[in-house]
Each structure stands twice: as structure tokens, then as C-alpha cells.
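For reference, the structures are reproduced in the following blocks.
Common to both upcoming complexes is subunit A, partnered first by subunit B, then by subunit C.
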Partner chain A sequence: MLRGNYRILSRVARRHASSNTLSSKYELTCGLEIHTQLNTKNKLFSMSSNKSFESLAHPNINASYFDVALPGTQPVLNYEAVLFAAKLAVSLHGTVNINSQFDRKHYFYGDQPQGYQITQHYHPFSKGGYIMLSKEFDGIDQDLSKINITQLQIEQDTARSSYLHQSLIEGREEALIDFNRSNVPLIELVTEPDFHDVKQVKAFIKKYQNLVRQLHISTGDLETGSIRVDVNVSVNEHPRVELKNLPNTSSILNAIKYEYKRQVEVLEGGSLGGSKAVETRGWDGEKTTLLRSKESAVDYRYMADPELPPVTLSPDVLVNVKKSLTQSADDCIRELMAEPYNLTLKDAKILTIQNDFNDLYNNEEVRQYYLETFNIYMLLLKDDNKKKPKIIVSWILHELLGNLKKLEIPLKKLNENMLPPELFAELLVLIHKQIISNSSAKMLLFHILEEFKANDCVKVENLDFKALIKKYDLEVQTDVSKTELEQNCRDIITELNNPKMIDDIKSGKKKNSLKYLVGLGMRKYQGKIKVQELENMFKQILELE
Partner chain B sequence: MYRAASRALFKSTTLLRCSRFYSSSAASSTATRVGPKFQSIKEIKAYMDKPTWSLNEFFESSNITDASEIPSEATVTKLLKLSGLPAEGADIPAIQQRLGQQLLFLRRLHDAPLDENEDLNIRFSRIMPRNTDIVDYESLLKMIEVQNSSKFPDEEGGKWDPTGQAIIKKNGFFVATKQNTHTAE
Partner chain C sequence: MSLTKIVDRIRTAQSKFNIFTSHITTPPLATASKGGPLSNRTAAIKDNIVTKDFPTTCASNILKDYTSPFDATVVSLLKDAGAVTIGKTNLDEFGMGSLGMHTIFNPVKNPLNTDWCIGGSSSGSAAAVASGVADFSLGTDTGGSVRLPSAYSSIIGFKPSYGRISRWGVVAFAQSLDTVGIMARDIDTVAKVYDVLDKYDRRDPTSLSQNLRDELEKKASRMSRTKPNIGIPQEFIQGELSPEIKESFLKYIDSLLQKGYDIYPVSIPSIKDALSVYYTLAPAEAASNLARYDGVRYGTKDPETADIVDDKFFNAARSNFGPEVKNRIILGNYNLCSDGYKNNFIKAQKLRVQMINQFDRLFPFENVLTRNKPVEDIDIIICPTNLMPPPLTKSVSQTEKKNPLHEYMNDIYTIPMSLAGLPTISFPLSSGKPWGVQIATQYGNDKALLDFVKANSA
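Now for the complex of A and B:
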């Protein structure tokens, strides 16, 4: 019910927000604060498991003495979080502080019984760095836009609180506290106020999500709270407003648009009254609402944590982390779009950026499979000038992955136990040489995958496509009699009984309908005829040449 | 600074351990090492009789003489709120006095003379000052490997019931209310 209401409110807000465009008279300025949960094996200052989502059904199951702040317990830093932070900082071109330190940020709330959060206030993990956005890859309006990073700091997450609706009604305000999330490592990233339109914000968040996924340091999901974004918004001389509680990208964008309009109204109405008060506002799905004004701002009384030593890294950590990083997503896309691959931007992005979330494959595995198949295909056909490498990406992304999803076969298992890239490249070569037609190859591929799945994906030895084509009698006939072919094509046109379509093909109005006739022909020949032969015959009969 | 404070503590409390605290070597400005064991009660007495300052004397000399040293009522109320402590029913004037005296004491501590090679660098303001080992890439990976494979029993999922001793709990959750947490507004 709550979700239903939220959706309605979101729709209303979208309509409201989309009616607003940014005015050149009023400049929007935004900065972001992004909290990212790291997917380290264990928590930040204890070795209890970092599985806050998996254990949602079992509250407080992964909570050590330290996580629940039992007196006398002390923190021990998990260095995996340091490694992850180093990967992110280096990827963002930041300057890593090889002497960072932890501080206590004091506040009292049920989700933080220590009375303070351990963070890095005075000596954060890294400073500086940037993410470059472009019109070409990120869809922003400007050719290039550099978003500078202020700093990255490592800190601990709080426990998860949920409020019982009934207790709120009865005025008891009981919060249920689950410490599975307490002490999960976070990285807080703060950007400079370099955003001047919502497209840049959207592109930055997407690019950042892709980055943390590519680095394997976070799941990068906004919806589950793995990434939480606060936005600082200011229009012209209006004091900065911090927007919090933004659960997904559309909330973030709609809240910024709403806040822009609200601040413009304040400025136009002259009701600012010289106030420089910094506010914190929330988003209720429809409008931003005041959470905290400057008068009630919290004094966190930061102090160096006396129980944690400084983190002193040797410069070789950064050198080796840099070496361990893979190519940046933009460089990877650029490479795939260039010779010899010549992929479209869409296909290159699919192979580079993790968009399709499932347990069967990820973009890196698919890209590796594509690259290996490509290399072998090109080698096998090195003397063939008519080779069509574009079919490789098409067959992998559409046929192969589609079948794997349908049959629930992991790509890794397929690669290891049945169809490594060298065998898949062989199948593509057989298609190219018209030994098997496209449609028969699709059927054959699905059939062998179905059998593989039925046998629990156990290893298949010596898969031989040529033998299978013979076994199932799928070989394209090369000795089709011309008379018989002509008769069959004429029969197809007669049986179709659609003079309008034929006239449209003849007049050139609907050239693509010829492909429909060819398809009917392929069906009649059960895929065992060359497409080109059928097409030529139809063209001859319809006097298209 | 550290040595001075620890000496004062040493003198004003019972004998904690029969070893001497030495400040760091010249190469290390922050490490502390423990000196050789005392061999006899005579040596201990001689050590204790060395002229130094006493914590009590230091504290007593921190009596407030200037009214401006006393924090205001508003400051005390704010600090109580920040600390999650109830202001209602609290003896505010008494807290003002105590806090003022403690602050003066801290200021005097800050002014205490430092031994050679000691400083007030906030980076090392911890219970036991120390130099940490520099972590190189190899040792970082090794530490991660070791840490990931060693857990204390309370760190094993489901090995203890965190809500076992909680007065209010519900379906495995702790329950926080305004009454039991003094939650800040």
C-alpha cells in the first residue's frame, strides 16, 4: 500500500518536475555526497560477516560484541576496506593520503549505541580526483564535463532502523534495530559543486555505479541502499540546501528539479530576507520538506580515535593497485568501437558496463568470450575477404545469451564444459561458409544447449558441429534444381495469396517484404538452402532485377 | 607530555607495574618503551622521590579564579543534550563549576613542559603513543588473507544472541524508544 502511494506520488512529482526547465537567469549548482557500502568479506572494525542484505530475514545474526558496542570492545581495522578504498581513489585519479587516520563523530541515536561513528574527518583517505563525463558516452549536453572530487573517507555504517506503523500511530515511536548493517564499511565520496544540470548528476551517478561494479568493491545498487546519495543544491545566491533520503535515481533527479523551482520562487518572491541559513531537507516523493535548519545543526565534536592507529601505507601499495586495475570503461568502449571490432556504441557498452544483472554471466565474462571468439574467427577466415565479423557480437549477445538465460546455464560452465570460444567460432565459420543456414544454426545451438542443461551441464567431450550438422541433416543443399526451386517459389507466392504485398515489393514500396518471402522459402526447405539462392529466385520471378 | 602525565598518574595511584617508562628514542618521536625492571624496593623509592609534579597538586592549582572560565548554562545544557544526558533535574550550577575546573586543568596540562622528542601532534593523541608499521602491498594482501580467516566466537554468525540480555526486544530486533535512548532531536 505504502509502495503504491509512493508510486502515485512519484508520478505526480515527475509530471510536476518535468514541467520545469532550468532558466538561464537562475543557475543551478549541485554537489554530491555519496555513501558506498563496500562488499568486503567482513565488517570494517570487526570480523563479523558483511552480509547485511542476505541476512535481512535474520536480524542481529552478524553482529559481534563490537558491532553492538558492548563496553570494553575495541575496533580492529579490516585492511580489505583499505585496499578497496585505494582501488577507488586511484581509479578516480585522487591523491591518496598515505597517512590517513580515523576520528570519532559523536551523536546519539538508537542505530549507533557507541555514541559515535568512526570516520575520517581530519585526515581522509584521499583528496582530489575527478570523473570526466562526455556527450558521446554519457549523454550530457556538453561535449565534456569534469566533475572534481573533494575527498574520499572510510567510515562505518550504522545499524538499520525500521519503525512500526502501529507504534507511530500509538505515539510510542518504537524503532526496531538490526545490527547486521552496523559497522559495514562505507566510503563517503564528496564532490565539488561542479554540477549545473540534472543530466550531469544522472550521468555521474551512473558512471560511478559502473566504476564500483567494475572494481568489484560494491554492488553499486541505489535501491538496496548500497549506494546512498545526498545532494547539495543552490540556485544563484540562495544558501545551500542539503537533500537527504533519496532512495533511487528518479527521486534524486526529481528532488533536484523540485528544489530548483522552490529556490527560484524564494528568490523571485524576495522572501530569502538575506538569510544564509543552510537547511537539510528530505524528499517525500512529491516535494522537499525541512528536516533541519542551521539553528538545530548537530555539533559532532570530532576527535581522533584513540583506539585506532594511523593507517600508514607504503607508496608501493598505490603502484601495485594501479597495476591491478583494468582498463577504464570509456577506454574499453572506445577500443571496441575502433578497428578491428567496429562495434556500435550500444554493443560496446553492453560488453563493458554491467547492466543486465543475473547470476549467469557478467559483462566481463561476456566481453572475454567475445574477444576470444573474435580472434579465432578472424584467424580461421584470415584469407577470406568476405568475412563478416559483425555476426560474432550479434550471435553472442542475442542468440547465445538469450538461450543461456532461457535455459539458466551459466556462461562460465558453458565455456568450461561444452562450448569454449574456439568451438563457437567454428560454428560461426560454418554459418559464414553457408554450410549451415542461419536458421538451422539457431535451432542446432538451442538443441545442444538444451541437452547440456538436461545433463546437468556435465562436461561434453569432442563437440563436433560438422558431425552434428550431418547427423541432423542440416547441411545446406548445393544441388537444388533450378526448375524445382522456381516452382517452389511460385507456389509460395500463390499460397500467400497477397497481391498487394507482391505489388508493393515490385513497386519498391516495401522492399523488406522480400525477406518475408525468403523466410517462407527457408521454412519450405527446412533451412537447408542458401538464402542468396532463394532471394535471387524471388527477384527473378518478380522481375526485380 | 605523556611521560609527565603517566608519572603523575603513577605517583597518585597504587604501584601499577614495577618497570620504568622511558620516552622514545631520538629516531622515533612517538614510541614509548618500558625500561628495565626495578631490582629492589629501594630503587622504586628512589624513582618515586625524584622531583616531579603531582596530579593532585596540579588539579588543585586549577581552581577557578575568573568567572569567565565557567562555561555558561546554555553551553552545559547543549553538552548534556549532545551527550544524550537528561537536562531535566540536573544540577546545572554544579556541572558548570566542575566542567570549568576540568577545562582549566586541561589547559594547564597542555601547557606542561614536554620532554625532548615529545610533541602534541593530534595524530598521536592516543592511549599509548606508537609508531605504526608502514604497510606495503605484500603485507596488505597478507593481512587481508589472515584477517579473513580468523574470527573470534562472537564474530561467527549466529553463535551468540545479541538481544539475549535486552530488556525490550521483538522478533530478534532490539527496540529503541525515546525513553530508552535519549535520542537527540
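Now for the complex of A and C:
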């Protein structure tokens, strides 16, 4: 571990930002600069493993001679990072520069071992492009809002500094530097100042995170620093203020709200403090604080890198990248909401956007499983006009995933070793045909999953639902005697001993209580009776219709 | 040379000429049994090329105690070929200097005449060969740093085409120009060492690709001429050229005419811009490359001073650079400032391209990097290496203080070929005299150059 001494800004007294509302007299304008760590196998210019998160507990194990900038070392470009950048640029409808170049951005810092960062300043990787936000999919206030992208550039990440506060001596403190992050590939995305409210910023970040995850080019997390967002904020004629060190979505949004309020006050000559100046400010959790003013800004002395050749891409590569891309999230949601799937927006989003983070499944695997199950279900029931494809999505999202989580079974294992979509579709068909009741099917599914887990998810051959239904005696009885059924239903009403409820059902005051009676009936029959038969019998006894 | 006596000879040479920054102190093992092409040949390595077995100081306080954990590619290749590295050689700090005077180890003395400067920046590498203590040496040539000391010490210095020899492990001064060069007393040794080092290296992003190497080889065998056409760029015939060098040079031209070569006057008008272009680009690259020596990772660091004082980083550590390096860092940063970048750096880059285009017009051997179409039919160009004989060491410190630009004038004949990346050899015009002639040819045509020199050394 290497050490250096740094003077750290002392914490200033905290103050509250109160109002969150934007006034119509003062227009907010924001632009974003987003740094995204690419999850390539190797680092940007060296063969070190790119595992800055996994190796947090082991500082400097993924640090090559180049990553620590030893004399005599040279960068060799990792083209995987270029490919990732191409995927992102094409997805954002940007114009890829087939001859982009690397430049050096000079500044001194302990975690910047070369004394410069290799980035793309004069000839960035791509220019233009946009992300379209909508009320429908992204929950913004406007029907549509187009956020234009200025450019994308490929660059190196810095090493990671951690400050040892306990070793503070005479206003100085020690910093440890971990080079595992040094030279990890980043893409810097710069947007035009197209944001005019906080909801747009929030929606953009969310959509961008989903995009990089969908492209498999980054984990897309703000919390781990794999995505870092800086915001340029300007209210009316107030000069642009850059906000940095915003570790998560809520600090990004709160910092913008606070900065809006602060600039409004500055414009009104108020007391919140600060001058009308271009500056860089940080966020302490409560308010924005001055990091540096324009006067102390560094001249980065950008220089074309004298040893890295231009990043040349043949147009074929871009054509292939375009071909390899899956459809956009919005198109995917639209498709799932249309015929033949007819999903709700909520369900379509769950299948399209990764929100639920676990090691067991991701949205893509679930979507794939859903689509295959759907197709087979429809095929098996193609002559059945009463088929209800809606049960597919609810069974998968609620029953199946719930059980997988509870039992910690990865969807991939389930798919490969026990319950591929064609078998799951078969179970759903058995439910549809009322060969097994809904409740029995739930029990059965949980039971076989539990056994699967108990056997370490080893391959199950010839899973046969019909045989299992027989084995556990779960078949719905089709030959229930009318008199026995009537007697059982009357017993239920008697045992319930709740005349008020019965009266309310009869008078039509509480129609839903009938379902309660049916539920009691299902329990009595252990689920092996058709719901309709029970319901009809209760109606007959209570003289409904 | 007998390896058993080498240690004594090193000690003697070191005390006389101050050649090494570090050297072996016990006799090395003979390598002849392995049968490599350079077995038992002794090599001296400029101390800005990293080695595991010796420190790498760049003759700078900032790297005074630095030892690299890895060998430069050239060092490994020499080892594999059986050569015995006897030590690291003194130099102008980080390769910045033309006279060998800017070093924390005191200047190298010229074995030809210890009152003379030996030239720089590969001063120790030149002296190691000129004194006879090494069979050959490696230097680095950014603007003439191999050729000028070779001329001043009357040996052969070869700067191959840029990208032919790996720079992995060569401490960068100005990467777009830095080239490893070979110094020896005879051209056969130069050629043999070149054969060993002329290899593609994937760790060096500027290494000439294998495809282009193959293409060049085919082209060279197709286009080789028994009597190549010779051109003399008129811009090199300077009024300031000292009379004795001029005489020697004309005598050499005469000998070529007598051998039946055709000699033509040619013109590279951009040569007049070469010094300005070089002293804009090279210091800018240097300022950038030297930014890593911030005192956190290398060099000495004042334990009493914080890394950040008045919002400025690492000032104390960076005061360890010598005055010439500091000059160039300041000049380089000036050229890179956002206000001046377009007017200085970009303009210099454009002028450099213009000069390359002018060189490309001359040679029928097409430049594989630019693919410019040739116009004329010149195979070889010839010019002196140095304008004047070496200055006296005792006078240098005086003039240099008055005007540091004076030192830069020494590079006027060597810089154009550095900017164009052309293979160039300097060899003595007459034995024991401190001046040389430069033979250069088109980019990548190094073999033809070596063949010409083999046939026509003075």
C-alpha cells in the first residue's frame, strides 16, 4: 500500500434545504456528465484483471506495472472496451467516429499515477445521439422529452484513495491508494443542457442504468461507483455550477433541488450564500459546498497522446454491432403490452428493466422464460377459445419467482435441470383444464421445488405432472355427488355460525363474502373440486341469482 | 575481450572517463556455450533503459534509488542472444541535453580527448564504446542523442527507423521521437546487434507491426540497387559548418563519386523549421511524461513538507529535477497551455507532417506509414552529423548559462531525421576525428542503409 499526505476539506456546519418546488419565474437548466465503468475482462490499457469491486478487500492485487505508471511502461489499448463503447454509442443513436483519438489530461493527484489521465478530448469516440423520455414509460410530466447527448469518450479511471482519519497529525492526514481501480475503462457521457426538472434527471439516470445493464457493458450501479454522475446546474442567467461527489440518486436529486434554491437566492440577492460565479460544488448530504472557483480551475493542458495510435474502426464493425443489439427497452415494453401478450405496463416493465437485484435471476432470463412458456402454452391450447394467457405472467412473476427466492434456486438451474418452459406450460395447461386446481397446483409446485433444492438442484429426468397429480391424489374430482356436496356446503354455513355474513350475502350487501365460503369449501375438498361447482351450490343454498 | 579481466578494465575506464552510473563488480559468467549471436560480447546500456540487475536512475535525483522490477525488451533480447551487460551508462538527465553536461553523476569525459565534451545525451554509452570497455552499447536517440556523441567520440551510431526496436522499458522523454540506438566501433557489430533487436513487441504501442515488417522486407529485396542514387539536401550545407568538417565531408563525397555513385542536390525546405518544431513537441511530451515523478511513488520526498501546499501538489518533490529538465518542463507546459496549444503544439505537428511529406517525395521506396507517392529517385541522403567539433567542457558551462539555446544548435543536423523517423547512421569521416557523416534513407529501409555503410565507410 502506498501512502501520501493530503489536506482534506473540513466539514462545515450543516444547514437544511427546505423547499423542493421549482418556481415558474426561475427556470432550471441541467446537463449531466456520467462516468460509467465498463465491465471488460481486462483493464483499458493493460492486461490486469478488471475487478475493482471484487478485489476491494485486497488492495493492489490487480495492478500491473503500467497501472502504477512505472517508468518505461506503455499503454496497449484493449479493444473490448472499444466494442462496448460502440454498443453504447449505437444504442444512443450517436455518430461513431471511426478515427477517434486519445489525449492526455494533466493534473496532479495522489490517485493519478501518470500525472495525467488518458481520455478523448479533441476527437471523442462518438458525437450526438439522444435518449427519449416519456410520460408513459418513465413517469415524467411531459408527454415526451428528448435528452440530447453531446459526446461519448473512452478514458481511464483513477486509483482509489482512502483517507485515514485517525492518523491526522497537525492538519495533515494519510491517504492509502488502491490501484485496483487505476486504468479501469470508463465511458464519459456528456449530455446537452436539456433537463428542466428533477423528474427528467431521475428518469434519465434510471433509463441509462437499464441500458448499460441490458447491453452487458456495466453493472450500472451508482452505489458502488460503477456509475458516477456530475451535474451542471444553471438557474436563469446564473452561471453554470458543476456539482460533483454525488454518490446516489437521492443525493443527485437533492443536490439539484438545493442548488436551484441557492441560485434563486443568489439571483434575488438573498442570504443563502455564494456569489454569481462559475464554480464547482460538492454535496455534503444537506447542502452544496464550494469545492473550487473558476480562478483556481486547473488548465488540463490536453495533449494528443504521442504513443497511442488512433482508434480505427471499420464501418463493418459498426454494422455488426448494430445487428447484435437487442431492441430498446421502450420497444420491448411496447411489444409485451401489445397482442398477443397484452401485459400490463407494470408486468412488462418487470420483464424488461432490471430492478430486482439478486444472484438467482435477472429480468432477461425471466423474460426469456416467460416468452417460451407463453409460446408453448398457446400452441398446446391453440384450439381452445377459453384459454387465459394472463395466468402465465402471474404464475411466473408471483408463484415461480417467489418460490425461487424463498428456496434460493437460480432460474437458470431450474430451466436446465428440472422445469424448462415446455413443462411449466404443461402445468399451466393442466390448471386451465381444471385437472388440478389453482391451490393444489401451487402446493405441488412448491413441493417439487423444495425436493429439487434438497437434492442440490441435480438433474430431474422425466418430470411428469400428470403422474405427480395422481401420486399425490390432487386430481379435481369430477364425480362429486350432488347430495354430498349440498350437505357439505350446508355444514360449512352452520359451522361458520355467522348469520350476519349470510344475511349480507343474501341481501347483496357483501357479494365478495361468497368467495370466502367457496374458499372454505375448497379447503374441505382439499382443492380437488372445481371452484364453479362449489360456487353454484352455495348460490343454490342461499337462493342467490 | 576476455571476460575475466573486464571488471578491472571497467574500473580503470570508470575512473578515467566517468562512464557508468552503475556496473558489474564481479566477473560475469561466460555465455559462449549457449551459442547466441552475441555470446560473450559486452554491452553497456544507457541508464534510461530499465534493468532488473542494475538501478535505473536517468541521471536524475528523482530516480536516484530506483530499480525497475522488470527488464526492458531490448535488455531481455540482448540477454537471450548471449550478450553480457556490464553496466548502465551516464547520460543527460532523462535524455535531455546535447553535450552530456546535465547529469547528477558529473559529466562523462571524452576518451578521444578528455577536454572535449563527449556530446549527449547518450554520453556514457558513447564513451563505453570509444574507450573499448564495451563491444557495443545501447543509447536512445530523440533528436540526435545517439548520433551526436558517436560523432564527437569517433564511433558508429545507428538510429534505426522509429518503431523498429521496442521501447518497452525505455523511460520516455518524448515518445513520438524516442528511438533506441546502437553504438559500436565497427558496422558489422552494429548490424549484428540490430538483427537481434529488430523485433515486433506487442507491449509497445508504437512498435512497427509484423505485417508492415513483412511488407518492408519484400519491398527491400525487390528494390535493392547495387549503386543507389545519393542526394545531398542543400539545406544541410550551412554557412556555419566548420571548415575542417566541410573539408572532410567533401572528401568523402569525392570518394563516392570516384566509386561511380550518382550524387544529386535535393531540397527539403522544411528543414529550416526542424529546430522550432522539435523544441515545441519534445518538451511538451517531456512535460507530460515527467508528470508521474511526483514524489509519491519515486524519488526523494521531503518528509517535513506536505504533498499539497497552497493548493499546489508535489512542489517539493519536483524541485529534485535538474535545471535543464526544469527548463524543458516549463517550456513544454507553456506549449500545452490551452491558450497556446493550437498556435504552438498543433502548428508544430502540422509542420512535422509537412517535413515528412517532403522526405517522402525523394525516395522511390514508398513510406509504408504515410503511403505518400514518391516523386524523385533518391535512395540515400548524406549530410554531416555535427556542425562543429565538440566544445571544450570548461567553456560549455559559461556559454550555456548565457543562452541555453546555444546548446540546442548542436542538434540541427540530427533533428530532421528524428522528426521523420528515418533510419540514420553516423560514422566517423576520419579515424580519431570528432565528427561524423550521417547516412539516412526512407522509413523502414534499414537493411539497405546498413548495406550501404558496410560498403562505404570512410
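To be clear about the criterion, the second predicted complex is superposed on the first by the 514 of 545 C-alpha atoms of A that agree within 3 Å, B and C clash if a C-alpha of one lies under 4 Å from a C-alpha of the other, contacts with A are read in each partner's own complex, and residues count from 1 in each chain.
In this text, a contact is a pair of C-beta atoms (placed from the backbone, for glycine too) under 8 Å apart; a residue touches a chain by one contact, two chains touch by 3 or more.
Remember, it's a predicted structure, so these values are computed and weren't measured experimentally.
Visitor: Judging by the criteria at the top, classify the pair subunit B and subunit C on subunit A as clash or fit.
Guide: Clash - subunit B and subunit C, as placed by superposing on subunit A, overlap.
Visitor: Can A:Ala69 be said to touch subunit B (first), subunit C (second), both, or neither?
Guide: Second partner only.
Visitor: Can you tell me whether subunit B or subunit C touches more residues on subunit A?
Guide: In the superposed model, B touches more residues of subunit A.
Visitor: Classify the contacts of A:His123 with the two partner chains as first (subunit B alone), second (subunit C alone), both, or neither.
Guide: The first partner, subunit B, only.
Visitor: Considering only touches as defined above, state whether A:Gly115 meets subunit B (first), subunit C (second), both or neither.
Guide: After superposing on A, A:Gly115 lies in contact with both subunit B and subunit C.
Visitor: Which partner does A:Glu307 reach: the first (subunit B), the second (subunit C), both, or neither?
Guide: both
Visitor: Name the contact category of A:His106: first (subunit B only), second (subunit C only), both, or neither.
Guide: Once the two structures are laid over each other on A, A:His106 reaches both partners.
Visitor: Quick one: is A:Asn320 in contact with subunit B, with subunit C, with both, or with neither? Answer first, second, both or neither.
Guide: first
Visitor: Now for A:Asp299: first (subunit B), second (subunit C), both, or neither, which partner does it touch?
Guide: The answer is both, since A:Asp299 touches subunit B and subunit C.
Visitor: Counting only touches as set out at the top, which of subunit B and subunit C does A:Ser182 meet: first, second, both, neither?
Guide: The answer is neither, since A:Ser182 touches no partner chain.
Visitor: For the superposed three-chain arrangement, which subunit C stretch in 23-31, 185-193 or 275-283 runs into subunit B?
Guide: After superposing on chain A, the clashing stretch of subunit C is 275-283.
Visitor: So subunit A touches subunit B in one structure and subunit C in the other; where do those two contact lists coincide?
Guide: Subunit A residues touching both partners: 65, 68, 106, 108-110, 115, 172, 177, 296, 299, 301, 304, 306-307, 309.
Visitor: What part of subunit A is in contact with subunit C in the complex they form?
Guide: Residues 2, 4-7, 65, 68-77, 104, 106, 108-110, 113-116, 172, 177, 296, 299-304, 306-309 of subunit A touch subunit C in their complex.
Visitor: In their complex, what parts of subunit C are in touch with subunit A?
Guide: Listed in rising order, the residues of subunit C that touch subunit A are 49-50, 56, 58, 63, 66, 68-70, 72, 167-172, 174-176, 202-206, 284-285, 287-288, 290-294, 296-298, 306-308, 311, 313-314, 333, 336-338, 341, 345, 349.
Visitor: Sort out for me which residues of subunit B touch subunit A in the complex.
Guide: By the definition above, subunit B touches subunit A via 78, 82-84, 122-127, 130, 132-137, 140-141, 143-144, 147-148, 150-152, 154-158, 161-163, 170-178, 181-185.
Visitor: Mind listing the subunit A positions that touch subunit B in their complex?
Guide: The contact residues of subunit A facing subunit B are 41-42, 46-49, 51, 55, 58-65, 68, 78-80, 82-83, 99, 101, 106-111, 115, 122-123, 161, 172-179, 296, 298-299, 301, 304-307, 309-314, 316-317, 319-321.
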